[in-house]
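Input: structures, listed below.
Consider the two complexes below, in which chain A is the common component and chain B and chain C are the respective partners.
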Partner chain A sequence: MKSQIDVKTVRRPYVRPMAGWWKGNAFFVRYMVREATAVAVWIYALVLTVGVLRLGQGEAAWNGWLDAMKSPLSLSLHLVLLVSMVVHTYSWFEIMPKTMAPMVINGERLSAERIQRTGWSVAAVAFVVTLLLAVWSQA
Partner chain B sequence: MAEAPRMIEIQVLRYRPEQESEPVWQSYQVPFTEDMSVLQGLQYIKDEIDGSVSFRWSCRMAICGSCGMMINRKPSLSCQTFLRDLFPGPVKVEALDHLPIERDLMVSVEPFVKKLESIKPYLIPKEERTLAQGEYLQSPAQLAAFEQYSSCINCMLCYAACPQFGLNPDFTGPGVLALLHRYNADSRDGGKAERMEILNAEEGVWSCTAVGYCSEVCPKGVDPANAVNQNKINSAVDYFARFFPKKGGLI
Partner chain C sequence: MKKRSNAPFFWLLFGAGGVLSALLGSALVLITGLATPLGLGLHSDFMSYPRMLAFSQNFIGKGFVFVVIALFAWHAAHRIFHSLHDVGIPHGTPSKIMCYGSALVMTLVAAFSLLRIGFY
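And now, the complex of A and B:
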């Protein structure tokens, strides 16, 4: 009998390429959108940081930053950022049940839907309160 | 009364290493009845049309985890996916994504098995007990902490669903990390310290970016994404714990 070692193998495992892996699957496209909206969060953080720095440089600098915020370019950027933030908030709470340890209340595990709905509700309330505060401060 | 079979086209991604340099599509016309799964469609092809088509299967009832494949681009168990739901077709069948194709619909499983072995997927008793001391008791709440993760059947659908594993085959991956969690979360187990090294590594939980598709395709409701991501917290705690004195220790 031939030993195992003498058997010639025709094995040639084929590894498929990964280029464009997310394009053909709606789930992956949504994931990429979620990840991309993090860039919007970062950009908005930069905008606010510049505002704080300008505030520290005196009244003229601060007013200049306020004027810049009112320019059409800034307004359209803010519109894009707002939409991105809404998508970001929605998708962030959507994945939240997967990212946390199970919460057991009265012997029952808190359902994923409950966690998501709580997150979305808190975000919606925070959004409305912030909006009301902004309107009130202008009045 | 026997129903008249309908016809459906099944396209199979063929790869015969001695014959092809890269995979090619081959189409088959298959008669099917209401109760036929994709696996049975493939078995019809192998028995009646083309005996050279290769695929793995065993139990035909979604418990052995052998017949996983991409069906219309979704990682699925072929015994659990029915041709009637895919009519009028065509049904596109490929080997599981992200894993090297050995032949036709069969992938290499060795790297997965090696990873599985590495996490010590068995109970390492916290305390040695003699037979006379009886069994290791566990409360329903303690059982609930890990039960879902013990439903894993090693079918590797979650690996085919994980782009991070596709981009980096060294990633321990969703299924094995879920099983690691299954044992770490077991109140009877004392092997956590031995497994944390694998979990904490860059190829461990930190290679996961919470895509979440693994849990979407899992045929057993294991939710590997949850197992992996809650262990990012455990891993962080494990890291920072070193800066604090142990209970009763001296600073």
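And now, the complex of A and C:
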């Protein structure tokens, strides 16, 4: 029996390409945008990690970090991060009816709209309260 | 005895980080990345060294900074790890180390720095 290894194969099996598979379908585009917000959360966690590291290294290091945060590159990055965070908040509560366990109140299942609206409302309140706390802390 | 899966643990960190970032992420990015550097609505010394040092030396402030960094990092790492499959990168040990490793490094750096800053 001839060894299989010596035989040069002419087979070219079809491998379905992965690149851009999601682009043709609005549902999958939304899915990919939603998942991509994780990159923004990752980058922001890294920005804060570097900040805390610099804070621990003393005043000069911290002021260097503050200056870096004022650079046009950082400002444009944070503008993108802000938009991504808003998309993350919106989509997180948008899919919550599917990700959380069904909740039954008075024998009726809590509707998807109720869950979404509650989530978005709580997020809006948290946003305003956080900004108010920041402003008030200056007084 | 069957080895117990560690999946629920990572999923819990993912879920907790997802909620926290959904509730606070936008406001924090706005405050630290735009309003303070530009002096928009907040004084430009809002994040001055004495203020941030006092905040991080406070027990609650320290805990807040640590929880935000750690949960944001673990949420993102878990989500990115599972999305790699969708862009054609199969699950494997290298991608797992890259994703969860980055979250672990951020957690440790934050913990080390916050301990170094000390308590007041």
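Note that in this section the second predicted complex is superposed on the first by the 117 of 139 C-alpha atoms of A that agree within 3 Å, B and C clash if a C-alpha of one lies under 4 Å from a C-alpha of the other, contacts with A are read in each partner's own complex, and residues count from 1 in each chain.
The rule is simple: a residue touches a chain if its C-beta (ideal position, glycine included) is under 8 Å from a C-beta of that chain, and two chains touch if they have at least 3 such contacts.
Computed from a prediction, not measured in an experiment: that's the story for all the values here.
In the superposition on chain A, A:114 contacts neither chain B nor chain C. Using the contact criterion defined above for the overlaid structures, shared-chain residue A:79 touches chain C, although it does not reach chain B.
For chain A, the partner with contacts to more residues, out of chain B and chain C, is C.
Within the superposed three-chain model, A:22 lies in touch with chain B and with chain C [touch as defined at top]. In the superposed model, A:49 makes contact with chain C only, not with chain B. In the superposition on chain A, A:101 makes contact with chain B only, while chain C stays out of contact range. Where the contact sets of chain A with chain B and with chain C meet, they give residues 18, 22, 35.
Here chain B touches chain A in the complex through residues 15, 17-18, 22-23, 73, 97-98, 100-102, 108, 141, 144-145, 163, 166-167, 209-213, 215-216, 223, 225-226, 229-230, 232-233, going by the rule given at the top. Against chain B, the residues of chain A that register as touching in their complex are 10-16, 18, 21-22, 24-25, 27-28, 31, 35, 95, 97-102, 104, 107, 109. Those residues of chain A that touch chain C in the shared complex are 18-19, 22, 32, 35-36, 38-39, 41-42, 44-49, 51-53, 55-56, 59, 62-63, 66, 69-70, 74-75, 77-79, 81-82, 85-86, 88-89, 92-93, 119, 122-123, 126-127, 130-131, 134-135, 138.
On chain C, the positions that touch chain A within their shared complex are 17-19, 21-38, 41-43, 46-47, 49, 52-53, 56, 65, 68-69, 72-73, 75-77, 79-80, 83, 86-88, 102-103, 106, 109-110, 112-114, 116-117.
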